[in-house]
Amino acid sequence: MKHVEPGLIVAPLTPFTAGLDVDEAALRREIDYVVSDCRATMVVAAGVETQEYTYLSLEQRKALIRHTIECVDDRVPVMVGISHPSFKTAIELAHFAESLGAAAVQLLAPLRPFAGPPTQADLVAYFEAVRRESSLPITLYLNPGPGADASIADTIALAKLPGVALIKESSRDLARVSRLIVEIDRAGHARYFTTMQMLLATLELGGSGATMPPPACEIARHIIDAFLAKDHERAATLQLQFALFPSKWMHRGLAPVMKAAMKLIGVPVGDPYPPYASLSDDEIKAMAAVLRTTVLAERFSVTAAA
Amino acid sequence: MKHVEPGLIVAPLTPFTAGLDVDEAALRREIDYVVSDCRATMVVAAGVETQEYTYLSLEQRKALIRHTIECVDDRVPVMVGISHPSFKTAIELAHFAESLGAAAVQLLAPLRPFAGPPTQADLVAYFEAVRRESSLPITLYLNPGPGADASIADTIALAKLPGVALIKESSRDLARVSRLIVEIDRAGHARYFTTMQMLLATLELGGSGATMPPPACEIARHIIDAFLAKDHERAATLQLQFALFPSKWMHRGLAPVMKAAMKLIGVPVGDPYPPYASLSDDEIKAMAAVLRTTVLAERFSVTAAA
Amino acid sequence: MKHVEPGLIVAPLTPFTAGLDVDEAALRREIDYVVSDCRATMVVAAGVETQEYTYLSLEQRKALIRHTIECVDDRVPVMVGISHPSFKTAIELAHFAESLGAAAVQLLAPLRPFAGPPTQADLVAYFEAVRRESSLPITLYLNPGPGADASIADTIALAKLPGVALIKESSRDLARVSRLIVEIDRAGHARYFTTMQMLLATLELGGSGATMPPPACEIARHIIDAFLAKDHERAATLQLQFALFPSKWMHRGLAPVMKAAMKLIGVPVGDPYPPYASLSDDEIKAMAAVLRTTVLAERFSVTAAA
Amino acid sequence: MKHVEPGLIVAPLTPFTAGLDVDEAALRREIDYVVSDCRATMVVAAGVETQEYTYLSLEQRKALIRHTIECVDDRVPVMVGISHPSFKTAIELAHFAESLGAAAVQLLAPLRPFAGPPTQADLVAYFEAVRRESSLPITLYLNPGPGADASIADTIALAKLPGVALIKESSRDLARVSRLIVEIDRAGHARYFTTMQMLLATLELGGSGATMPPPACEIARHIIDAFLAKDHERAATLQLQFALFPSKWMHRGLAPVMKAAMKLIGVPVGDPYPPYASLSDDEIKAMAAVLRTTVLAERFSVTAAA
């Protein structure tokens, strides 16, 4: 067992105004919730697609990064998303992150823009190009779909690059993750982070934690606390709170689902960026019924749906 | 928490002679190992593809079923694989199983033989047709590739059929399995069984156990014992023994990998059915090095490789 | 341009009685239609999954092969499907085919029964094992799903094996097929056959023809005749008759769709093997409206739907 | 048959300087080749991923669009790529295109940034949002991977939107394309364009043409001319020139392959944007040998490789 405390890396959802600008006041409230109530160990700025950063111009994205860092206000470290098809833009964002005092950067293993998957050499060359120009530790971010579907061998090769300090894995494949925790995290190459659904299994196998948006991170905080207290039955019971939520609504997309949950717990962060729609009233009622069986229940405002 | 003891359902590998007949003596030794040493709670006869039953004629398959039941000799219940594209053959095998005193049957959710996935209605009609003619409890066996890739909704619909008592899930997708354990096992529709890589996570979430071949089942037995003893740290440490084994050799196929491991622990069950090849000497040495770090170490014969 | 006439290889649908035995009288009528009216250049016996042969016992399958050969009665060559996971059963079927005077055998590139795709070496070893024991020319049958998804490199390696004389390709990927026609058919390794949707493109590129069930083969016969008459505009117009049919109903499966079409043209071959259902009345009406715009129109019985 | 001449829509490759800026001189030479020698019927500016536009900042992308339009200099219409995850940026680019006199815009059916595919309603809402703000005809661009994998039903629904005038289909699935040509192009909803490998089949089925980069477009010009001259045998022979090229090198990516071919024919457009590499000398020699068998042979400079 490592002596590092499990990590709870939180990616705040991006609240938009009616005019589709970033709603800075809502973001500030959300970050307070994430840092104070959920005790995130690190906050991600504009790093994962659920943060809807792909809709932003480069200037808006930088403003979001700056505002996130200001709101966190040194309470915990901030990791800045620098993913971009061009390594030059990724480097520009890395320098920007450094200038603002960020603790790390997160970089998506990219798709090949034209057909076919990138080779391991392509992926290594891309990460090397960024690493050479940046002094901040890099999180290798794996998210097939928007990014490349890195094989086990590719992932290990990238994890061994100097400068790559963390892995953010999006798959829920426990066979893959078990092996990579051993070959990467326990082997000392990089710390391995997974998803909310994988959190307890990850911790038990010796992984380093998970990355997720709010309010999932509040449930995760309870799981981590129970795990640290060696209360394994409670940890398992809490992990079950991720069995139906968010799975039952995931066909709507993770950002719409988590934004609906935030509204229910009284920390509203607005609606999804179009064309994606908010959940329907019926969907929200059904979600409320599920969330009332979780640790989020006590946050429900008296006026909340259902 | 349920009061049913976790299940360890074991599917013995099928040993072949040089002439490609079933090697009955080797099967008998293997079943003794599975039942006595690994304390399987149930044995599967000709049920999963790793048992290489698809190579057998119907007569050979029946002989394998009969011999498996004889070797188990009522020490534990036997579940008989009845999977076949034709529901009529599946029913014939179910009747055969019943006549031999089998406790249950296992039936693969079938592929559509012509292009395209079966619909939920197709799957339900197939299971209903078999169920109507058989009094034995049915295990719904999910194995995309040889079988259909049943969605969450399909799986729940099938689990709710009267007669379907167990689910054997082959995916290692913990998001899917978490949800299905809640919606199927904890909801009382059927008991949910997964794979070796998912065993501890399954038990913690309230699932019913796992199905696997030997010698993985010996590691699994230790995990289950530690779980029942509430020694969660030991259970987690043991679960890690499935991180590299069998993953590192899975490109060779599960049957060749497990047959190589059986040779190493001194319970040989022969070579894979052609055209699939045994592992190379170098692969076997590397596997031996990994297995020597597991609970299987003490079985290594003094003459074993590496 | 080759001087060999384009091939129209036809795989008769398997008619079942109410008791799910092969309906021999219906098969005889169907084969007369296929041979006399559609001028098939070769008939396939129990070779493709659309023929629903996977539902049959080995004895029923042999009876179907024998009956097909008898019905064809030497009017055209017959190719016998010998696909089976076990190379030993495939060889047994090849010997059976030889004893009945078959002209060739067709063998599916098999799935690996346990997880993961077969390697090129696995596929080559399987085909070599069969080829060594059979003197009949072999058709390499590619059908991902029931069979392996052979890469371009795998396909070329298999095509170069002595004994492999034809390829039956099921994909509709024209980039793949264009390349393989050049590297396999025009290179002299094997004749390349595709599907109804690819027929004209295949002929124009120098491929050898297509394989399909009735009544698609009647449309295909007209396409081939127009192509041979160098009436390219007519050939293209006829090829368009495969744009909506069968695509619009393919979610129901190819066998149910073609059986519905056979009923419409007055050569009934019964219903699909359960659990697959016949098309609904509305679907049949819609299909009739489409088929009335094709060369099949004149076969419509006066009492046909719509 | 329609009376509209087949379309040859060409997407010039983006030449980069050593400093990774757009090489305007090289682009000008390339566009002259495309317009004068290949007789493109329309030029695409920054529209497809093979044009490597995803590496550019918004300002660089606008500069590329402006420069492309200037180089074309009204010789043929220009279609401007406006694809962006945010409909607002897409609209901004549409307005920019309009201000420069573009004839049309091209818009990729977008991925959902977070997991799962967009629904038909999502896709329609996105296209409607752009269409409402733009008066230019829209090309629906389908490219699964960077964009969504639109089903047949989705594609038809989008094609029926007012404002959607063309479809650019990237699949090589002839069953899909045959059906969509009938249900979209021949039905009058939008003109259907495919790829180089599908060109002749597309024209014969009544589709409208194809989109591709140079120098593939020079081969395509010959195919179209032969098709218009009703010289079908020559058209088929020319179509075969796309059987090995670019397929044999496609694992390297379409942009690297086409850039290598441009160097061979004496219209150099530089190297791929990093991390993607140029083809090796051996690969270039092998490609030269293939291209010397095509209509591109006469462009080979005397000093060219091989």
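Worth pointing out:
Letters A, B, C and D mark the chains as written, and numbering starts fresh at 1 in each.
Here is the rule we use: a residue touches a chain if its C-beta (ideal position, glycine included) is under 8 Å from a C-beta of that chain, and two chains touch if they have at least 3 such contacts.
Quick caveat: nothing in here was measured; it's all calculated off a predicted structure.
At the interface between chain B and chain C, over half of the residue numbers involved are used by both copies, so each side presents largely the same positions.
Averaging C-alpha coordinates per chain places the centre of chain B 35 Å away from that of chain C.
In terms of their C-alpha centroids, the spacing between chain A and chain C amounts to 50 Å. Residue numbers of chain B whose C-beta contacts span two or more other chains: none are found. Every pair of chains meeting the touch criterion is listed here: A-B, A-D, B-C, C-D. Of all residues in chain B, those touching chain C in their complex are 20, 49-50, 52, 54-58, 85-89, 111-116, 118, 121-123, 125-126, 129, 145-146, 170, 250-251, 253-255, 273-277. Only residues 152, 172-176, 178-179, 181-183, 195, 197-198, 200-201, 204-206, 230, 232-233, 236, 239-240, 242-244, 247-248 of chain B touch chain A when the two sit together in their complex.
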